[in-house]
């Protein structure tokens, strides 16, 4: 589960968002959408904890995984400075993936960098013949990366400042389009800030859609040992790195 | 006195010794042999103190300074990984240089990386028409870098394992050759481990040679503020970064 | 390499001086896939309490410059569930087993010891007197008298040797160490994480324990001081990331060491560290750790 | 930017909340070429003692992973030479001046204060009760009663407001803070470096004080605790490397801050840090530090 991988690409998409591409060996377990990798950024005392990132895509033939990340602090900054050919150490794939079956008619709702696991989910669903509806929300037009990867007729875009797609918070845009989705979809998959996930769960409950959400939380070990990464569920705290990051939204004890 | 310089070269001479070359602006004060630069290796929390290095050479026309360093720990390791074109921040030139005049007939005695300031001293003395005798001691043949830069007829080499030059400690080799130097030289300039400097001072005293020695010590500020870098002299502790690194050996309160 | 890393600790042989610290090995099961069992002398469980504890609300762990702050809050399943669900498989492990216990009140330590007393596969009990993540005003380890009492009462009912785990946040560690010795502690573990505070986002506070590299010089100093007043075996804990760190702990007077934060970064660290330790001994011409017997008084 | 960084400290106006800490500004002369005077609210001298002190044998300062250890040993020219050679040029500086004094014995503090009392250009005296590099068994700052006495006796003869500089190595900072307040301290400075030990080469020991990044979360916690029991102005010291660190200190309850180790790495840091502070205020829509008055009780 611990790997030293070669960086095959680390490309800026805009000043704050990067796409990291890594070569994985054939022994690397095929990851499932929703799973994450726990990346070692550097050596102590510079970096003391790994940083968790969702898997953004897996190309099984080329044996590549991709990570889509945003620079928010010291660790992601250092990650963005790594060069092709350098090695990177990670643990993974980790965590519990999203769930769907042939009866699922999905809507994927993502905010900001929260689109990462949903992108992978989209790719894998399409492989099983399911074409999800997608609604992604960003701050502004500059952040709206990867829109060309989704079928335009099932893709909705929103930005907070209205510089691309519809103007507004992604949850408001979702509410507006609920009449359109009613009767079409039966499950929402979502990833983003906790407040957003909670609102989406409320909508899903009202509409009787099933709903799975993927959480972020500060992590220590990433492998279930330290109890560092919990979310409150109706059965008490659960570990995001192990029982999550994907949870059935009904399980969550929202505040 | 604080500079952001461009690295124009950082070349391994063997696995543990490197030559760093930096472009300096025309406002950079022409350094004198014995002076040093205080290099910022990286950002907190990775690196919290600068690292001091003697100036190995100064090319006034090309406006380049060179630093010759050995990897001994975390800081020098990180320094060795810096690439051409990267920027490096340093304070300098710092400290008090070697002293000589037209009447000086010098012997330069250096051990290991202690040859750095002596190399610069050699170059500058030659510019003033003085051709110093040189005796350099190393661990083994692999470490004997730069020998071709010194006039062979005035250059003596020793290694501890005898794999190049004469076998033995540099101080023993010096003792052996004292009859040769008697009546020829009148001042010894030396840099290396403290024990070596002390032995050299004893020899110089016996032979009535003047003697200047350059010390190393762990440093904080490098600019005289913290009292971190002292050596015991007959007038009490003095700061190596300010009153030194070069001292008249007679001043030192050797243990 | 014919180098023997084993050490004697309270009459038992540890394959290496490397103990896995409490709180970074879970109940052992999740860490096992990453471990080379030969590199580990003993494993310490997460601190177990009488009642199950939910732990603190998230976030619970964060990296700050130079250190890690955790505020787990002793989240654990409680002693009953631990005995039922985890103990059997723990006891099957080849290394020595240390069960860490923590009482919300003084009286709970002997109760816990008694509940565990029939499981003779346990090698040692560690009394966590120093968790920085509880709501109490003072830590037990900040009150020598309380330490003495807790240890004395636990000793009475414990068939296992007792290790007292101490806090760095004290005016005089020697007083605490001597009180523990007087109470009947068989060994001391220095140190638990240091109580600190950080802001992790606009005005959001996290109170917790600092661990990682800066704990090493602090722990070394406390061990040196403690070694002057007691000949009890000492476990050195704090900021160990490499084999050479362990040498420093031995020089300061520790008899073995435990690994904390490094396991979060590198769950397979014990094997690397044991290897480094062997290389250091080999390059110094030693074939065992007995070269340190003078400093440790063994 | 029309942003005003000035703060009121004991009735005087500091241009910025940034004080240069004792021991990293020398007697000010050597640092001055690197300083933008507008970025500095006050400068603290190296701790001055009654007799000149040679200081400890080298090495005296070393970087360890995540921190800096220094063992200067209060090397200084003594109060007489300080008054004769350094004070006049110090008093010409535009920022406020804090003279740090340290006694080998309790009685020396009032003596020092008396010797300095005629130089009214001095703004504050700081009593270094917490130097980790002396041979004493205990620091003054580890004994509340001693702190009280020293401050009381110094207060009697000092025309200057007194700042008491405290140590992190105490069981309960509140006790110490309250004793200082009772003794008549006008302000507290938290914290001095933390007593530690390292080995810098095969078996070679350095005992000294840890400073740098890890001191920040420790100091923040001690300031938060202290703030709960006193309304004295607090200087927050430890691990400040950037403007945002200062915000954290204000949130915890500090009224101004001091820069230590950062000056060793970057003698021109105050200007950068003041600029960062302004940018943070500007981006939050504030034009002065008064937004923190609630947390600091100003």
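By letter and in written order, the chains are A, B, C and D; residue numbering begins at 1 in each of them.
One rule holds for everything that comes next: a residue touches a chain if its C-beta (ideal position, glycine included) is under 8 Å from a C-beta of that chain, and two chains touch if they have at least 3 such contacts.
Because the structure is a prediction, the values reported are computed rather than measured.
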item: Steps needed, at minimum, to go from chain B to chain D via contacts; value: 1
item: Pair of chains joined by more contacts [C-beta pairs], A-D or A-C; value: A-C
item: Length of the line joining the C-alpha centres of chain C and chain D, rounded to whole Å; value: 35
item: Inter-centroid spacing, chain D versus chain A (mean Cα positions, whole Å); value: 46
item: Geometric centre distance via CA averages, chain B-chain A, whole Å; value: 55
item: Chain B: positions in contact with at least two other chains; value: 44-45
item: Interface hub residues of chain C, defined as touching at least two other chains; value: 65-67, 212-213, 241
item: Contact graph of the chains (line, ring, star, complete, other); value: complete
item: Touch list for chain A against partner chain B, complex; value: 42, 45-46
item: In the complex with chain C, residue positions of chain D that touch it; value: 64-67, 69, 138, 142, 169-172, 194-199, 203, 205, 207, 210, 212-214, 216-218, 220-221, 224, 239, 241, 247-248, 251-252
item: Contacting residues of chain D [partner chain B, same complex]; value: 23-26, 30-31, 33-34, 46, 54-55, 57-63, 65-68, 70, 72, 75, 200, 212-213, 241, 261-268
item: Residue ranges of chain A in contact with chain D within the complex; value: 44-45
item: Touch list for chain A against partner chain C, complex; value: 1-2, 40, 44-45, 47-50, 74-75, 91, 217-221, 223-232, 236-237, 242
